[in-house]
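When the chains are written out, they are named A, B, C and D in that same order, and each has its own residue count from 1.
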């Protein structure tokens, strides 16, 4: 009842071309907190205000991109139930044992028709947000180390069958569509924004011929002024900005898209409306898609539909 | 699964001493949108960005205060289930027929041990937020008429048995505690902040000898700069400010408390952390209660524990 | 002593292609206050917080651009002295009688080597900022009508001999250089930003083959959030944005460049450092010119050096 | 011509009760940059974005307060001229030799009828703002060390004969009155705000029986969000806040008043209108003095007229 089942994006594992360069980038520029390294050489990060042990994991690879994207569920019982529900829905799941990721419980892993690997898990060690659970302060110095988002917020996945993926998220995992872009035929979705909470989106997808592609992972900032600060820090650190600071029409959130040293796009996002499952989704049509994506430019930039990892 | 059951604070009915003065106040100073009046003479308002027909109802009375505070649930089936669950839990419920409040479905009404009347309902007419559901703008002129909060956010109730009320909210309605203030004995709660979503609070309660008292109803603003604008508008309109602009330690939200012409306190609130039900509640102790409530002054003002309606 | 002589940009007269469309644009979108129309058909505006009768004058013409750009001086004695100084410096001046522009005293008009017409004047009727001079409020509703800048801030002129123009501004009018962009030869200025106060710039110039060209007139906003609001209003009103919201490296100010219906570029500008005449100018070199102009993109856009009116 | 003569508040020397505690306070909490110590044991600070060597000097003493408050003038010639003008006006001046304060040229020192010591000087070593004069960044890490104001902005002095002091500032030093509070008699000033530039105030004075008292020195912040950040840092560091965050009616600036460990009040100030010498001063009357000083509370707090050092 109320907030149950799938809670939020929990972790994403991404591939980077040069591990140490990327560790430096995610630590000092993005301003995440490194929380551990495992035997495989993977490096774990969390946003400063997150309490669970990790939300971003990076590993060195030949090409950039996303290995998997995971959601935390509210209990082990829910994890079992959702695994059973997925199987009943015809989704092939597998179990990844507890501890395969540091400080993380057993995971249920499954492919979705966009070609991405999604995971569910119920347990990740509470390492705190650098403050006591009794009489904390409003924030700590880590809130100003680098861009310093408060949390890993959502991801935007590119792949072919977003209708099939949507069915799984809606019918099995309890997500609902908050906004969508509809193609000229008036019925096919070009893009969908899905929430499992009251966030404007916990996951989003764009129809795209290549499977399993990542458009961006997104980190939350607290204000439009923090978005300016993030843009400044990107310039100071010579980070390639894709677009921004600007606003999205979809979600109304303010945003910067930029690239990590491996070419993975990330977003620093702020605001956005609240969604609720009883609310009618907002629809965008192709004649206004530019304004829907980039509210001020009112046009897609060259990279929006083409550059993914 | 995910966001179900009780969704959010839906409406509150408040008593005012002079109806037309209050209509003017809530319309032009607070900047709510008047959406209707009923045969009983009650006046209905919504925040500009809300889509349901009403969230604040005022009626003329001899003394100010709160008649009832209601939550919207996700479906009629949930409404039936929660009614049954409440009865099974020993709560005495009654049904208010659809239409008794304008554009609102059947309500389940029940008392809680703090002496307040709570309601649940599943249906309220979607009148939109002044924009189409296709290709909307980021905001409309109503977003700048008066203080213009985006939504009715939460309420703070004062009454004697907050433990009993908490049990109902947690065990029957699916809320969870996000933060609490604990008295010197280390176990009795002076105050609790409860969420049914990922908001820092959907309802809060303070232990208080008199039953059924209202500390404040709260409206959401989008930024700290909007909080300044609200304070300016309060001054321009000679609205009595209780405290603020400032920050709360609890929830970290920024805030102004002020009074409507009848003496009902209202809050213009911004930000606040997200809560999640898997997260350990934050505890405040009495030696830091001042900082918990008013983060900058680090002391309660005279009115916080004493002035209620 | 202290703040004397030339005080600030006082008025600019611009050409527009369709007068009534432009009046509507400058009134309702930019949010200036129309203060009068004269027998020639010119329309006068001021920013809401300015006290003098006008700061922008528009007239219908076959092509857009700037007729003249004027500075207010502190007294008629100064006006006489500066006229004499200009003549002594070899500048050819003429007098425009009081009243030729509404509510404006006698003007001293002269050409500068960039091909622009500059004016000085000492008197313009104080019509107030919509508030009494006794016990005013912090702002009034006009502060939220359209983009609603607080003042006409500066202009950027394009023309060939910026060195000659600079001499006049520095040696006769008491301006000083705050920042400059130096060409690859290490000595020729591509652009200069000049102040007669402690503003980051009261006038700026870029070296350009065509004489008398206008890059933009600039209006001041009070915060980065107002810059976002301006960008939103530009989108809502389908105003063509050239670039922004972003930051300039030069001056550090935040900015949007956009075009009026006639193609004249205007800026909504915020912040910017304070300059002082005892401070060493900041120099930008050609390898960093992109970052100097557009701090986040770190590259000039296509229009910066080419689109002028 | 334009910006000449007296340029700005240059330095203030203050007395503190415990030097090292105060050094820590001004360095780490206020976030000034320590730039030197002299043989007398005085410690020198500048705000991060100031270029001159020092703007605040503290020395250990038995009681807190202000030793002297100084303005920088544009040249040695101006210094000589103003000294002569002061003497001609009947002010008794003395010369403090160059080097008596670190990296500071010769000073002209004189008493004013409020009982304060004022200084003028023309030279202070440019030590830069931590950035090169060629192709700088928008800001540096020092901009986020502690409260980190960008500059020493102004001071508010309490003393008996503010009329006499005003005469010197207006008639000799070229200041002008921007705003004033007039007592019930309609002519006597309770307080005056004076500018030598286009700032809302470079110095202010309140009529008060005791001579030579300091109400506060003020440091400039860049945004209302930085004011919130300052208030947060004051709480995190348990700094005693007098009032704020709030807005002044006078100047419209946003503000926090707080106390250093010795009881000296300081302000973190943001915004404020621009003044110009051709503009009519704004007058506040005693029935609105509360709103003039603290725009939101619309009442003076207990300490405003009584707590000075």
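A few remarks follow.
In this text, a residue touches a chain if its C-beta (ideal position, glycine included) is under 8 Å from a C-beta of that chain, and two chains touch if they have at least 3 such contacts.
All figures in this text were calculated on a predicted structure; none of them were measured in a lab.
In summary, the chains found to touch both chain B and chain C are A, D. Taking A-B and A-D together, the chain pair joined by more C-beta contacts is A-B.
Comparing mean CA positions across the assembly, the chain most remote from chain B is C. The mean-CA centres of chain B and chain D are about 44 angstrom from one another, to the nearest whole unit.
Chain centres here are Cα averages; for chain A and chain B they lie 31 Å apart. Here the spacing of chain A and chain D, counted between their Cα centres, is 48 Å.
Touching two or more other chains at once are residues 137-139, 223-225, 232, 235, 247, 291, 295 of chain B. Contact residues of chain D toward chain B in the complex are 224-225, 228, 231-232, 234-235, 238, 241, 244-247, 254, 291, 295-298.
Chain C contributes residues 137-139, 144, 223, 225, 232, 235-236 to its touches with chain B in the complex. Residues 1-8, 49, 51, 72, 74, 82, 126, 133-139, 151, 173-176, 195-199, 222-224, 247, 249, 252, 271, 273-274, 276-285, 288, 291-292, 295 of chain D are the ones that touch chain C when the two sit in their complex.
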